[in-house]
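In the two complexes that follow, chain A is the common piece, with chain B as its partner first and chain C second.
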Partner chain A sequence: MAMNRILMRLGRVYLGLILVFLYVPIMVMAAMSFNASEFYQLPIVFTTDWYARLWNNSAILDAAWNSIWIASVTTIIATALGTAAAIAFFRYDFRGKAILQVLLFPPIAIPWLITGTAMLIFFFAIGIGRGSRAVLLGHVALALPYVIVVVTARLRTFDPQLEEAARSLGASSWEVTRFVTLPWIAPGVTAGALFAFAVSFDQFVVSYFLSKPGDVTLPVLIYSAIRKGFTPEINAVSTIIIVFSMAMMVVVARYAKFGER
Partner chain B sequence: MGATLRQRDNFRAVLLISPAYLWLLVAVFLPLSAMLFFSFLSEGPFGDGARQLVLQNYLEFFEKGFYSKLLWRSLKLGAVVTALCLLIGFPCAYVLAKTIKGRWREALFLLVILPFWSNSLVRIFSWAIVLRGNGVIDATLNKLLPFEVSVNLMFTYSAVVIGLVHSYLPYVILTSYLTLQAIDDSLIDAARSLGAPRRTILLRIILPLSLPGLVAGGVLVFVPVVGSFMEPRILGGRAGTFFGTVIEDQFVAVFNWPLGAALSFTLLAVVLLILAVASPVLKRAQ
Partner chain C sequence: MAEIRVSHVDKIYGATKALDDVSIDFADGEFYGLLGPSGSGKTTLLRTVAGFISADRGSVVIGGEPMEQVPVEKREIGMVFQNYALFPNMDVTANIGFGLRVRKLSGQEISRRVADVLDLVQLGELGARRPHQLSGGQRQRVALARAIVTQPRVLLLDEPLGALDKALRVEMQVELKRIQREVGITTIFVTHDQEEALTLSDHIGILKDGRLVQQGTPQEVYHRPADRFAACFLGDANIFDGGRLPSGEGGGSVAVRPESMWISMARPEDAAVIALQATLRQKIFKGATVTCLLDWHGQVIKVLAKGDELAGIADVGEVWVSWPREKSMRIPADR
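Presenting the complex of A and B:
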């Protein structure tokens, strides 16, 4: 029994070490964004100067604006199209359904480097070229499978007899969807939408290949800034991004209920 | 009557499904096909000569040792990172799933997988801040140790490995946790009450039952790591030349798109092969 207790304690220490490994770099980065020294010198002298400077940096502001509107439009399109497809998979049986469902995995499983460069080649060939439109096209495609998978998971908990009951009471197909199905799957749709936003907002690889110089999203801007040599200003933007995306995932977790079955 | 109903259903299904799949067709499947075609072209969109269909881009991969060596290097990097993630992640998932209960478990689990949903570029950047010479590691070690040390891991192979393990560890923890949670505790209790030693329980019950989760986690780590380019670029510097960075170069620096396409497709073939090998184990999990 004593042996067991020691093992339990060791396990907890181990878990603690993992959390240290996962979070310390992020905390160090955040701490440095409040450090007055441009060369990350220790000890830290507190300042919020780097954050104040962000407001006057038009390149960063433009990129932030790009990231936000692209992620928002991606969310709207991917959620609408993805929910429609998930409902169709749930309601109807048709030939080729299994194949269509399998086709959702390549966009998720193939490394973004391959998908991104393939998009670049194709969009160039058909005249779309690089730029925000191309980025948007790519982001929606990456987000769609996630939305379909998440909404489908929620639909598994939905009793199809409810739809039949509504229909037999004279509800039209649209009314069934609007007043019976959608309210039930709303948490799944919300989780899917948040996933879509996260996929787009954090997306670097595909944006990197598809965006035009001077018209970039935040991660692409950060990447080129890092390669030129870093400043605490990048720490400040990065800190904002990471706090924002983690807060969003806490919300997603509340909707999607990860780890519970 | 039945036939027309059927038709109407089919029509509705097509109406609901086609927007999503048309989008995927235009933005994923046609591009992948276009890339395959492109990889056989003699010249990219920026050349002015006559384009021909050739095998030269693939021959370059096989004839010049440079590219195949880099692919091998990337595969080895993938193996190292995957092994580390499994070794570090599985015990962590075990502690979470089997020794911690209730609300604490939920909260800690969320805390562990949270970073995985945050921006990966930013997390790699945070390691660049930590690992640079004269940085936080130096300062901490020098405070703890009686003698002066100087650690500069930045721009080394180890830095790339550390950054990648940090990026992908949560995948393994997530998949292992899900399979471990599905193992009935009474199974373990039964083995224990029959006198099985700890090692036997681990080797004969826990590991075999969580194999699907380990394989899924391994694949989820290995595939993106073989195709990684941003992490080696930022943390590896000159030590960070891998297959992914060479592909990146073909598209953003050298502008040899046909060669880039051929290299991308070679990578895709390798990835598909790995997925095919892993799929029997993954299917059994469902």
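Presenting the complex of A and C:
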């Protein structure tokens, strides 16, 4: 009994430590983004100056805009292709299906550093080179497996007989998809889309390799900026990203839960 | 509405023949029961008619039109699935109206026909419910309504009553028959329940290992089984292997239904009756009837008697079991 209680207490301490290590750095950064002192002096003197300054920093705004549109386009393309692929895997049996499905996982496991290098070499070899197009292609390639995996998971709960029933009632293959399959997997598609957006928006390594100097995404810009030294502006933009990402995770979690129903 | 002609259909999965040279003519407007144990190919045959499976050999012709090149969605069929396969994201009205919607009918026409068919299946009030808010019997009616509202040429039922409990099943059998008569669609019905097949069908086909063992009206199939399998699968039967009976009828075996037999203490004095002396081992009381198990030279004989027929018969002991000669059903000896 006493042993048990000690173990439980230890467990709680452990959990507490995890939360501390996870969140204290983030909270310090967020706090400093509201601190008037550029040199992290305490006590904190509250200001929203750094946020205001963001609006006048065209480099940060350009990078943010870059990140947002690349993530948005990546999301649209990866979600459409990934959902179509997941439905095809679900519906049809064809030669090489098993191999194709296995090949989906390594891109998730292979270090981005290596994927990025490979892409850079490849894009130069075929003449695309660096730039937004290359970043976009790279991001779609990275996000696609996530969408397929998430949508496929949702499709596991889908009764294939519903598609047969719809066909027996005269529905074309598009009508079956539109009226029967998609409504059921919608939560999975939404979760997949949010994943795709997150993969693209948070992507540093591949973006860093593939973007042209001067035309970068937000994570790449932040990296370049902190190499020159921390500024509270970076704290401010990072805080915005964190709030944004966490809000998105909450949405994903809600949809994931909805998916279990 | 149309007649369906299935000719010499083969379907092979790996090493097993799911369908082996099956030919059946389904007459216009009839209710045809496909009966067989699981793995006999009955569902494969149904799905071949529906178009979900393409035959390796042979043809399916609906209303004079060969179906080889016609996909499921163009075959004008209605199908009821074992688990009903109602669309969970649509209410009852939308489920039933689905086939009309994809046929691009006007909203007014759709509402009118859905309302009509809801009346036909007696679900008038439930149009706004979702499938998960319905009982098993109600789901079954919705699935049936959805399948017939498009006025298909063929109605295909894949064990539609399998998921219902016994009492509801009997009720739905009556309903199903009534609705099928009313709309007059050629109906193919798959079941492994022999009683259900006998109750509902105009014609029955018995399948075993992908082969059509026998077909005919329920009476024909019940009273003149083609072989030992048909005799035992459709109802109970006592099988006497060739030459074992004293009547000396040569060749073939003989099958006798338990309800054709009776038990007596004395040997019946009637030349038109076959009588065997056997040992009564057990009486099993089943309410209206009593099942008696007898031993005859090591073979178990099952006799179905009404309770009052057994007056004066001891629970165990030597008795005579007899049946009219014409109740002997001749079947080929097993190879």
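The criterion applied here is as follows: the second predicted complex is superposed on the first by the 253 of 261 C-alpha atoms of A that agree within 3 Å, B and C clash if a C-alpha of one lies under 4 Å from a C-alpha of the other, contacts with A are read in each partner's own complex, and residues count from 1 in each chain.
One rule holds for everything that comes next: a residue touches a chain if its C-beta (ideal position, glycine included) is under 8 Å from a C-beta of that chain, and two chains touch if they have at least 3 such contacts.
In this text the structure is predicted, and so the values were computed from the model without any measurement.
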item	value
Touching partner for A:A198 - first (chain B), second (chain C), both, neither	first
Contacts of A:L42 with chain B and chain C, given as first, second, both or neither	first
First, second, both or neither for A:I76, with chain B first and chain C second	neither
Partner chain(s) touched by A:S172 [first = chain B, second = chain C, both, neither]	second
Partner chain in contact with A:E164 - chain B first, chain C second, else both or neither	second
Which partner reaches more residues of chain A (counting touched residues only), chain B or chain C	B
First, second, both or neither for A:I68, with chain B first and chain C second	neither
Chain B/chain C common contact set on chain A	none
Complex contacts: residues of chain C adjacent to chain A	50, 52, 71-74, 76-79, 81, 83, 85-89, 98-99, 102-103, 146-147, 150, 156
Chain C-touching residues of chain A, taken from the complex the two chains share	159, 161-162, 164-172, 175, 179-180, 183-184
Chain A to chain B touching residues, read off their complex	8, 11-12, 14-15, 18-19, 21-26, 28-29, 32, 40, 42, 77, 81-82, 84-85, 87-89, 91-92, 94, 100, 103, 106-107, 109-115, 117-125, 137-138, 140-141, 144-145, 148, 173, 198, 201-202, 204-205, 208-209, 219, 222-223, 226-227, 230, 234-235, 238, 241-242, 245-246, 249-250, 252-253, 258-261
List of chain B residues in touch with chain A within their complex	9-10, 12-13, 16-17, 19-21, 23-24, 26-32, 34-35, 38, 45, 88, 91-92, 94-96, 99-100, 106, 108-115, 117-123, 125-130, 132, 135-136, 139, 166, 169-170, 173, 177-178, 181, 223-224, 226-230, 233-234, 244, 247-248, 251-252, 257, 260-261, 264-265, 267-268, 271, 275
